[in-house]
Amino acid sequence: MIRLLAFGIVKDFFHGSALDIELPKNPTVDILKKELNSLYPEMQKLASYMIAVNNNYASDGDIIYPGDEIAIIPPVSGG
Amino acid sequence: MIRLLAFGIVKDFFHGSALDIELPKNPTVDILKKELNSLYPEMQKLASYMIAVNNNYASDGDIIYPGDEIAIIPPVSGG
Amino acid sequence: MTDVQLSSEPLDISSCIEKATDPTCGGMNVFIGTIRNKTQNRKVIRLEYESYIPMAIKEMHKIADDIFQKWDVKNIVIHHRTGILKTGDTAVVIVVSAPHREAAFEACRYAIDTLKQTVPIWKKEVFEDGEVWVSAHA
Amino acid sequence: MTDVQLSSEPLDISSCIEKATDPTCGGMNVFIGTIRNKTQNRKVIRLEYESYIPMAIKEMHKIADDIFQKWDVKNIVIHHRTGILKTGDTAVVIVVSAPHREAAFEACRYAIDTLKQTVPIWKKEVFEDGEVWVSAHA
(Lines give C-alpha, C1' and ligand atoms only; values in the text may rest on other atoms or scores of the structure.)
Protein backbone atom coordinates (compact mmCIF):
# COMPACT_ATOMS: atom_id res chain seq x y z
CA MET A 1 0.00 0.00 0.00
CA ILE A 2 1.43 3.36 -1.04
CA ARG A 3 0.03 6.70 0.08
CA LEU A 4 -0.08 9.37 -2.63
CA LEU A 5 -0.37 13.04 -1.72
CA ALA A 6 -2.52 15.04 -4.11
CA PHE A 7 -2.40 18.74 -4.97
CA GLY A 8 -4.26 21.12 -7.24
CA ILE A 9 -6.48 19.50 -9.81
CA VAL A 10 -5.39 15.99 -8.73
CA LYS A 11 -7.31 16.48 -5.50
CA ASP A 12 -10.43 16.81 -7.65
CA PHE A 13 -9.59 13.55 -9.43
CA PHE A 14 -8.92 11.71 -6.13
CA HIS A 15 -11.81 13.42 -4.32
CA GLY A 16 -9.37 14.13 -1.52
CA SER A 17 -5.85 15.20 -0.68
CA ALA A 18 -4.42 11.68 -0.38
CA LEU A 19 -4.99 8.26 -1.91
CA ASP A 20 -3.73 4.82 -0.93
CA ILE A 21 -3.11 2.42 -3.78
CA GLU A 22 -1.81 -1.15 -4.04
CA LEU A 23 1.38 -1.65 -6.04
CA PRO A 24 3.99 -4.43 -6.42
CA LYS A 25 6.81 -4.25 -3.87
CA ASN A 26 9.38 -1.44 -4.47
CA PRO A 27 7.81 -0.23 -7.72
CA THR A 28 9.45 2.23 -10.08
CA VAL A 29 7.92 5.66 -10.62
CA ASP A 30 6.98 4.48 -14.10
CA ILE A 31 4.91 1.59 -12.68
CA LEU A 32 3.16 4.00 -10.32
CA LYS A 33 2.32 6.34 -13.22
CA LYS A 34 0.90 3.51 -15.33
CA GLU A 35 -1.31 2.35 -12.49
CA LEU A 36 -2.41 5.90 -11.82
CA ASN A 37 -3.25 6.53 -15.48
CA SER A 38 -5.30 3.39 -15.56
CA LEU A 39 -7.17 4.11 -12.30
CA TYR A 40 -7.67 7.80 -13.12
CA PRO A 41 -7.83 8.32 -16.89
CA GLU A 42 -8.22 12.10 -16.25
CA MET A 43 -4.50 12.09 -15.37
CA GLN A 44 -3.70 11.62 -19.04
CA LYS A 45 -5.59 14.76 -19.97
CA LEU A 46 -3.21 16.92 -17.89
CA ALA A 47 -0.64 18.94 -19.81
CA SER A 48 1.89 16.83 -17.87
CA TYR A 49 2.47 15.63 -14.34
CA MET A 50 5.44 14.63 -12.19
CA ILE A 51 5.97 12.34 -9.24
CA ALA A 52 7.88 13.71 -6.25
CA VAL A 53 9.66 11.26 -3.96
CA ASN A 54 10.72 12.69 -0.62
CA ASN A 55 10.24 16.27 -1.86
CA ASN A 56 12.30 15.82 -5.02
CA TYR A 57 11.16 15.39 -8.61
CA ALA A 58 11.66 11.73 -9.52
CA SER A 59 12.56 10.08 -12.83
CA ASP A 60 10.60 7.21 -14.35
CA GLY A 61 13.24 4.65 -13.34
CA ASP A 62 13.50 5.69 -9.70
CA ILE A 63 12.42 3.04 -7.21
CA ILE A 64 9.89 3.78 -4.49
CA TYR A 65 10.79 2.32 -1.10
CA PRO A 66 8.58 1.77 1.93
CA GLY A 67 8.29 4.98 3.93
CA ASP A 68 9.00 7.29 0.99
CA GLU A 69 6.75 10.36 0.79
CA ILE A 70 5.12 10.27 -2.64
CA ALA A 71 3.31 13.25 -4.15
CA ILE A 72 1.57 13.76 -7.47
CA ILE A 73 2.59 17.09 -8.98
CA PRO A 74 0.29 18.39 -11.72
CA PRO A 75 1.52 21.39 -13.76
CA VAL A 76 2.54 24.08 -11.29
CA SER A 77 1.17 27.62 -11.57
CA GLY A 78 2.78 29.73 -8.87
CA GLY A 79 3.74 33.37 -9.23
CA MET B 1 28.31 86.82 -26.37
CA ILE B 2 26.97 83.34 -25.54
CA ARG B 3 26.40 82.07 -22.03
CA LEU B 4 27.45 78.47 -21.48
CA LEU B 5 26.12 76.49 -18.51
CA ALA B 6 28.65 74.11 -16.99
CA PHE B 7 28.09 70.87 -15.06
CA GLY B 8 30.21 68.23 -13.41
CA ILE B 9 33.88 68.35 -14.26
CA VAL B 10 33.35 71.23 -16.71
CA LYS B 11 32.64 73.51 -13.75
CA ASP B 12 36.17 72.75 -12.60
CA PHE B 13 37.54 73.70 -16.04
CA PHE B 14 35.52 76.94 -16.13
CA HIS B 15 36.08 77.69 -12.43
CA GLY B 16 32.35 78.28 -12.20
CA SER B 17 28.93 77.12 -13.28
CA ALA B 18 28.65 79.43 -16.28
CA LEU B 19 30.92 81.06 -18.83
CA ASP B 20 30.32 83.81 -21.38
CA ILE B 21 32.26 83.52 -24.61
CA GLU B 22 32.45 85.54 -27.85
CA LEU B 23 31.46 83.75 -31.02
CA PRO B 24 30.52 84.78 -34.59
CA LYS B 25 26.80 85.51 -35.09
CA ASN B 26 24.52 82.40 -35.13
CA PRO B 27 27.36 79.90 -34.84
CA THR B 28 26.93 76.16 -35.33
CA VAL B 29 27.47 73.79 -32.43
CA ASP B 30 30.64 72.65 -34.20
CA ILE B 31 32.05 76.19 -34.13
CA LEU B 32 31.26 76.46 -30.44
CA LYS B 33 33.01 73.17 -29.72
CA LYS B 34 36.13 74.21 -31.63
CA GLU B 35 36.33 77.48 -29.75
CA LEU B 36 35.79 75.67 -26.46
CA ASN B 37 38.48 73.09 -27.20
CA SER B 38 40.91 75.86 -28.00
CA LEU B 39 40.07 77.97 -24.90
CA TYR B 40 39.96 74.91 -22.59
CA PRO B 41 42.25 72.17 -23.86
CA GLU B 42 41.12 70.00 -20.91
CA MET B 43 37.83 69.54 -22.79
CA GLN B 44 39.63 67.30 -25.26
CA LYS B 45 40.73 64.97 -22.47
CA LEU B 46 37.14 64.12 -21.62
CA ALA B 47 35.86 60.72 -22.77
CA SER B 48 33.38 62.79 -24.79
CA TYR B 49 31.09 65.75 -24.32
CA MET B 50 27.86 67.02 -25.82
CA ILE B 51 26.24 70.41 -26.27
CA ALA B 52 22.64 70.84 -25.22
CA VAL B 53 20.56 73.57 -26.86
CA ASN B 54 17.32 74.41 -25.05
CA ASN B 55 17.49 71.17 -23.02
CA ASN B 56 18.05 68.90 -26.01
CA TYR B 57 21.21 67.23 -27.22
CA ALA B 58 22.40 69.13 -30.30
CA SER B 59 24.21 67.92 -33.43
CA ASP B 60 27.38 69.56 -34.77
CA GLY B 61 25.49 71.28 -37.59
CA ASP B 62 22.76 72.81 -35.42
CA ILE B 63 22.74 76.61 -35.33
CA ILE B 64 22.74 78.53 -32.06
CA TYR B 65 20.36 81.49 -32.02
CA PRO B 66 20.29 84.44 -29.61
CA GLY B 67 18.39 83.51 -26.46
CA ASP B 68 19.07 79.75 -26.74
CA GLU B 69 20.03 78.06 -23.49
CA ILE B 70 23.38 76.38 -24.09
CA ALA B 71 24.86 73.76 -21.74
CA ILE B 72 28.04 71.75 -21.85
CA ILE B 73 27.32 68.10 -21.02
CA PRO B 74 30.36 66.06 -20.01
CA PRO B 75 29.90 62.25 -19.75
CA VAL B 76 26.88 61.65 -17.54
CA SER B 77 27.11 59.32 -14.54
CA GLY B 78 23.68 59.11 -12.96
CA GLY B 79 22.23 56.00 -11.37
CA MET C 1 21.96 35.39 2.17
CA THR C 2 18.87 33.45 1.17
CA ASP C 3 15.43 34.06 2.64
CA VAL C 4 12.63 31.88 1.34
CA GLN C 5 9.08 31.91 2.71
CA LEU C 6 5.59 30.70 1.99
CA SER C 7 3.03 32.78 3.79
CA SER C 8 -0.72 32.81 4.25
CA GLU C 9 -0.43 36.43 5.43
CA PRO C 10 -0.08 39.44 3.07
CA LEU C 11 3.49 39.83 1.80
CA ASP C 12 5.51 42.78 3.09
CA ILE C 13 7.41 44.21 0.11
CA SER C 14 9.38 46.74 2.18
CA SER C 15 10.59 44.04 4.54
CA CYS C 16 11.71 41.88 1.60
CA ILE C 17 13.69 44.83 0.22
CA GLU C 18 15.19 45.59 3.61
CA LYS C 19 16.38 41.99 4.03
CA ALA C 20 18.32 42.17 0.76
CA THR C 21 19.86 45.59 1.44
CA ASP C 22 23.63 45.28 1.63
CA PRO C 23 26.42 47.90 1.56
CA THR C 24 28.40 45.76 -0.90
CA CYS C 25 25.54 45.82 -3.42
CA GLY C 26 25.05 48.64 -5.92
CA GLY C 27 22.06 47.12 -7.68
CA MET C 28 18.86 45.55 -6.46
CA ASN C 29 16.13 44.14 -8.63
CA VAL C 30 12.66 43.39 -7.35
CA PHE C 31 9.88 41.45 -9.01
CA ILE C 32 6.36 41.80 -7.65
CA GLY C 33 3.64 39.55 -9.01
CA THR C 34 0.14 40.84 -8.44
CA ILE C 35 -3.34 39.48 -9.07
CA ARG C 36 -4.80 41.11 -12.16
CA ASN C 37 -8.48 41.90 -12.43
CA LYS C 38 -8.81 39.96 -15.67
CA THR C 39 -7.48 36.81 -17.29
CA GLN C 40 -8.20 36.50 -21.01
CA ASN C 41 -11.01 39.00 -20.55
CA ARG C 42 -12.80 37.00 -17.86
CA LYS C 43 -13.26 38.83 -14.59
CA VAL C 44 -11.39 37.12 -11.75
CA ILE C 45 -13.27 37.09 -8.43
CA ARG C 46 -10.49 35.46 -6.42
CA LEU C 47 -7.55 33.12 -6.69
CA GLU C 48 -6.84 30.18 -4.42
CA TYR C 49 -3.19 29.27 -4.02
CA GLU C 50 -2.07 26.03 -2.49
CA SER C 51 1.36 24.57 -2.05
CA TYR C 52 3.19 21.37 -1.24
CA ILE C 53 5.05 23.32 1.43
CA PRO C 54 8.21 21.32 2.27
CA MET C 55 8.95 20.66 -1.39
CA ALA C 56 8.15 24.23 -2.41
CA ILE C 57 10.63 25.54 0.17
CA LYS C 58 13.23 23.07 -1.09
CA GLU C 59 12.68 24.08 -4.72
CA MET C 60 12.91 27.78 -3.86
CA HIS C 61 16.22 27.13 -2.11
CA LYS C 62 17.40 25.27 -5.23
CA ILE C 63 16.63 28.35 -7.30
CA ALA C 64 18.68 30.51 -4.92
CA ASP C 65 21.57 28.02 -4.94
CA ASP C 66 21.55 27.93 -8.74
CA ILE C 67 21.63 31.73 -8.84
CA PHE C 68 24.64 31.90 -6.53
CA GLN C 69 26.39 29.47 -8.89
CA LYS C 70 25.56 31.43 -12.01
CA TRP C 71 25.82 35.09 -10.99
CA ASP C 72 27.73 37.34 -8.61
CA VAL C 73 24.75 37.93 -6.37
CA LYS C 74 24.78 38.51 -2.60
CA ASN C 75 21.18 38.24 -1.37
CA ILE C 76 18.04 36.51 -2.57
CA VAL C 77 14.61 36.89 -1.00
CA ILE C 78 11.67 34.85 -2.33
CA HIS C 79 8.33 35.20 -0.54
CA HIS C 80 5.24 33.53 -1.97
CA ARG C 81 1.69 33.89 -0.75
CA THR C 82 -0.76 31.04 -0.25
CA GLY C 83 -4.51 30.98 0.44
CA ILE C 84 -7.21 33.17 -1.02
CA LEU C 85 -6.09 36.26 -2.95
CA LYS C 86 -8.06 39.03 -4.59
CA THR C 87 -7.34 41.57 -7.33
CA GLY C 88 -4.40 43.76 -6.37
CA ASP C 89 -3.01 41.30 -3.82
CA THR C 90 0.66 40.41 -4.11
CA ALA C 91 1.28 36.73 -4.89
CA VAL C 92 5.06 36.77 -5.00
CA VAL C 93 7.96 39.08 -4.17
CA ILE C 94 11.49 38.32 -5.34
CA VAL C 95 14.43 40.55 -4.43
CA VAL C 96 17.98 40.07 -5.65
CA SER C 97 20.86 42.34 -4.67
CA ALA C 98 24.25 42.24 -6.33
CA PRO C 99 27.38 44.37 -6.58
CA HIS C 100 26.38 45.20 -10.18
CA ARG C 101 22.94 45.66 -11.67
CA GLU C 102 23.23 43.28 -14.64
CA ALA C 103 23.47 40.26 -12.33
CA ALA C 104 20.57 41.50 -10.20
CA PHE C 105 18.28 41.83 -13.23
CA GLU C 106 19.25 38.51 -14.79
CA ALA C 107 19.05 36.55 -11.55
CA CYS C 108 15.68 38.02 -10.59
CA ARG C 109 14.27 37.17 -14.00
CA TYR C 110 15.68 33.66 -13.71
CA ALA C 111 14.14 33.28 -10.27
CA ILE C 112 10.57 34.09 -11.29
CA ASP C 113 10.81 32.17 -14.59
CA THR C 114 12.13 29.08 -12.77
CA LEU C 115 9.70 29.40 -9.86
CA LYS C 116 6.82 29.26 -12.33
CA GLN C 117 8.23 26.04 -13.79
CA THR C 118 9.44 24.08 -10.79
CA VAL C 119 8.00 25.22 -7.46
CA PRO C 120 4.99 23.13 -6.40
CA ILE C 121 2.43 25.90 -6.00
CA TRP C 122 -0.94 25.80 -7.74
CA LYS C 123 -3.54 28.45 -8.29
CA LYS C 124 -7.20 28.11 -9.08
CA GLU C 125 -8.87 31.05 -10.76
CA VAL C 126 -12.43 31.62 -9.65
CA PHE C 127 -14.64 33.50 -12.10
CA GLU C 128 -18.26 34.57 -11.84
CA ASP C 129 -19.28 31.56 -13.88
CA GLY C 130 -16.77 28.86 -12.96
CA GLU C 131 -13.28 28.02 -11.82
CA VAL C 132 -10.13 26.56 -13.33
CA TRP C 133 -6.80 25.17 -12.09
CA VAL C 134 -4.34 27.32 -14.07
CA SER C 135 -2.15 25.53 -16.63
CA ALA C 136 -3.41 22.06 -15.65
CA HIS C 137 -4.51 21.22 -19.17
CA ALA C 138 -2.58 21.82 -22.36
CA MET D 1 1.19 56.88 -16.12
CA THR D 2 4.61 58.48 -15.91
CA ASP D 3 6.07 59.93 -12.72
CA VAL D 4 9.54 61.42 -12.99
CA GLN D 5 11.30 63.23 -10.16
CA LEU D 6 14.66 64.59 -9.11
CA SER D 7 14.86 64.97 -5.37
CA SER D 8 17.35 66.26 -2.84
CA GLU D 9 15.43 64.33 -0.15
CA PRO D 10 15.80 60.58 0.48
CA LEU D 11 13.84 58.51 -2.03
CA ASP D 12 10.76 56.67 -0.81
CA ILE D 13 10.80 53.22 -2.42
CA SER D 14 7.38 52.20 -1.06
CA SER D 15 5.77 55.31 -2.46
CA CYS D 16 7.35 54.65 -5.89
CA ILE D 17 5.94 51.12 -5.86
CA GLU D 18 2.53 52.35 -4.75
CA LYS D 19 2.38 54.87 -7.58
CA ALA D 20 2.91 52.12 -10.16
CA THR D 21 0.42 49.68 -8.62
CA ASP D 22 -2.40 49.01 -11.05
CA PRO D 23 -5.13 46.32 -11.14
CA THR D 24 -4.50 45.74 -14.85
CA CYS D 25 -0.85 44.86 -14.20
CA GLY D 26 0.28 41.37 -13.21
CA GLY D 27 4.01 42.14 -13.14
CA MET D 28 6.03 44.91 -11.60
CA ASN D 29 9.78 45.26 -11.82
CA VAL D 30 11.75 47.58 -9.58
CA PHE D 31 15.36 48.66 -9.86
CA ILE D 32 17.02 50.24 -6.85
CA GLY D 33 20.47 51.73 -7.24
CA THR D 34 22.35 52.12 -3.99
CA ILE D 35 25.68 53.66 -2.99
CA ARG D 36 28.23 50.90 -2.46
CA ASN D 37 30.90 51.19 0.20
CA LYS D 38 33.67 50.59 -2.32
CA THR D 39 34.56 51.43 -5.90
CA GLN D 40 37.45 49.47 -7.35
CA ASN D 41 38.58 48.75 -3.81
CA ARG D 42 38.79 52.41 -2.79
CA LYS D 43 36.61 53.30 0.17
CA VAL D 44 33.93 55.84 -0.78
CA ILE D 45 33.28 58.50 1.88
CA ARG D 46 30.42 60.17 0.02
CA LEU D 47 29.06 60.89 -3.42
CA GLU D 48 27.93 64.25 -4.70
CA TYR D 49 25.22 64.16 -7.36
CA GLU D 50 24.34 67.15 -9.43
CA SER D 51 21.94 67.54 -12.31
CA TYR D 52 20.93 69.86 -15.11
CA ILE D 53 17.41 69.66 -13.78
CA PRO D 54 15.10 70.77 -16.63
CA MET D 55 16.99 68.70 -19.19
CA ALA D 56 17.22 65.69 -16.86
CA ILE D 57 13.45 65.74 -16.36
CA LYS D 58 12.97 66.00 -20.13
CA GLU D 59 15.35 63.10 -20.80
CA MET D 60 13.65 60.93 -18.18
CA HIS D 61 10.30 61.61 -19.83
CA LYS D 62 11.86 60.63 -23.16
CA ILE D 63 12.87 57.29 -21.67
CA ALA D 64 9.31 56.73 -20.47
CA ASP D 65 7.86 57.72 -23.85
CA ASP D 66 10.24 55.34 -25.62
CA ILE D 67 9.21 52.52 -23.28
CA PHE D 68 5.52 53.08 -23.97
CA GLN D 69 6.35 52.84 -27.69
CA LYS D 70 8.35 49.64 -27.33
CA TRP D 71 6.54 47.60 -24.68
CA ASP D 72 3.05 47.00 -23.34
CA VAL D 73 3.70 48.84 -20.10
CA LYS D 74 1.19 50.83 -18.03
CA ASN D 75 3.17 52.79 -15.42
CA ILE D 76 6.70 54.11 -15.13
CA VAL D 77 8.17 55.78 -12.06
CA ILE D 78 11.71 57.18 -12.16
CA HIS D 79 12.98 59.00 -9.06
CA HIS D 80 16.60 60.12 -8.89
CA ARG D 81 18.36 61.61 -5.91
CA THR D 82 20.64 64.65 -5.99
CA GLY D 83 22.98 66.16 -3.42
CA ILE D 84 25.29 64.41 -1.00
CA LEU D 85 24.82 60.65 -0.60
CA LYS D 86 26.53 58.15 1.66
CA THR D 87 27.00 54.38 1.62
CA GLY D 88 23.64 52.62 1.63
CA ASP D 89 21.71 55.63 0.36
CA THR D 90 19.42 55.07 -2.61
CA ALA D 91 20.45 57.03 -5.71
CA VAL D 92 17.71 55.90 -8.07
CA VAL D 93 14.44 53.99 -8.01
CA ILE D 94 12.75 52.81 -11.20
CA VAL D 95 9.42 51.00 -11.17
CA VAL D 96 7.69 49.59 -14.22
CA SER D 97 4.34 47.82 -14.10
CA ALA D 98 2.88 45.90 -17.01
CA PRO D 99 0.15 43.36 -17.72
CA HIS D 100 2.88 40.73 -18.19
CA ARG D 101 6.21 40.37 -16.44
CA GLU D 102 8.48 40.10 -19.50
CA ALA D 103 7.68 43.67 -20.53
CA ALA D 104 8.18 44.95 -16.97
CA PHE D 105 11.65 43.39 -16.73
CA GLU D 106 12.80 44.50 -20.16
CA ALA D 107 11.48 48.04 -19.83
CA CYS D 108 12.98 48.53 -16.36
CA ARG D 109 16.36 47.34 -17.59
CA TYR D 110 16.09 49.65 -20.60
CA ALA D 111 15.19 52.55 -18.31
CA ILE D 112 18.26 52.28 -16.06
CA ASP D 113 20.63 51.48 -18.94
CA THR D 114 19.38 54.49 -20.90
CA LEU D 115 19.29 56.79 -17.87
CA LYS D 116 22.97 56.10 -17.32
CA GLN D 117 23.70 57.08 -20.93
CA THR D 118 21.49 60.08 -21.57
CA VAL D 119 20.18 61.80 -18.44
CA PRO D 120 22.32 64.80 -17.43
CA ILE D 121 23.22 63.78 -13.89
CA TRP D 122 26.78 63.65 -12.67
CA LYS D 123 28.35 62.11 -9.61
CA LYS D 124 31.61 62.87 -7.92
CA GLU D 125 33.09 60.12 -5.77
CA VAL D 126 34.88 61.42 -2.71
CA PHE D 127 37.54 59.10 -1.26
CA GLU D 128 39.73 59.51 1.78
CA ASP D 129 42.56 60.63 -0.48
CA GLY D 130 40.88 62.49 -3.32
CA GLU D 131 37.82 62.83 -5.50
CA VAL D 132 36.83 62.05 -9.07
CA TRP D 133 33.97 62.90 -11.43
CA VAL D 134 32.81 59.42 -12.46
CA SER D 135 33.25 58.47 -16.15
CA ALA D 136 34.52 61.92 -17.13
CA HIS D 137 37.73 60.61 -18.62
CA ALA D 138 38.13 57.62 -20.93
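Letters A, B, C and D name the chains as they come in the text, with residue numbers starting at 1 for each one.
Here is the rule we go by: contacts are C-beta pairs under 8 Å (C-beta built on N, C-alpha and C of every residue); 3 or more make two chains touch, one makes a residue touch a chain.
Just so you know, these numbers come straight off a predicted model, no measurement behind them.
Distance from subunit D peaks, on a Cα-centroid basis, for A. The centroid of the Cα atoms in subunit A and the matching centroid in subunit C are 25 Å apart. Inter-chain spacing, taken between the CA centroids of subunit B and subunit C, is 48 Å. Subunit D has residues 33, 112 in contact with two or more other chains.
For subunit A, no residue reaches two or more other chains under the stated contact definition. Touching chain pairs in this entry, ordered by label, are A-C, B-D, C-D. Subunit C meets subunit D in the complex at residues 13-14, 17, 21, 23-38, 87-88, 99, 101, 104-105, 108-109, 112. By the touch criterion stated above, subunit C contacts subunit A in their complex at residues 33, 49-52, 54-56, 58, 80, 91-92, 112, 115-124, 133-138.
Here subunit A touches subunit C in the complex through residues 5, 7-9, 12, 45-47, 52, 55-57, 71, 73-79, going by the rule given at the top.
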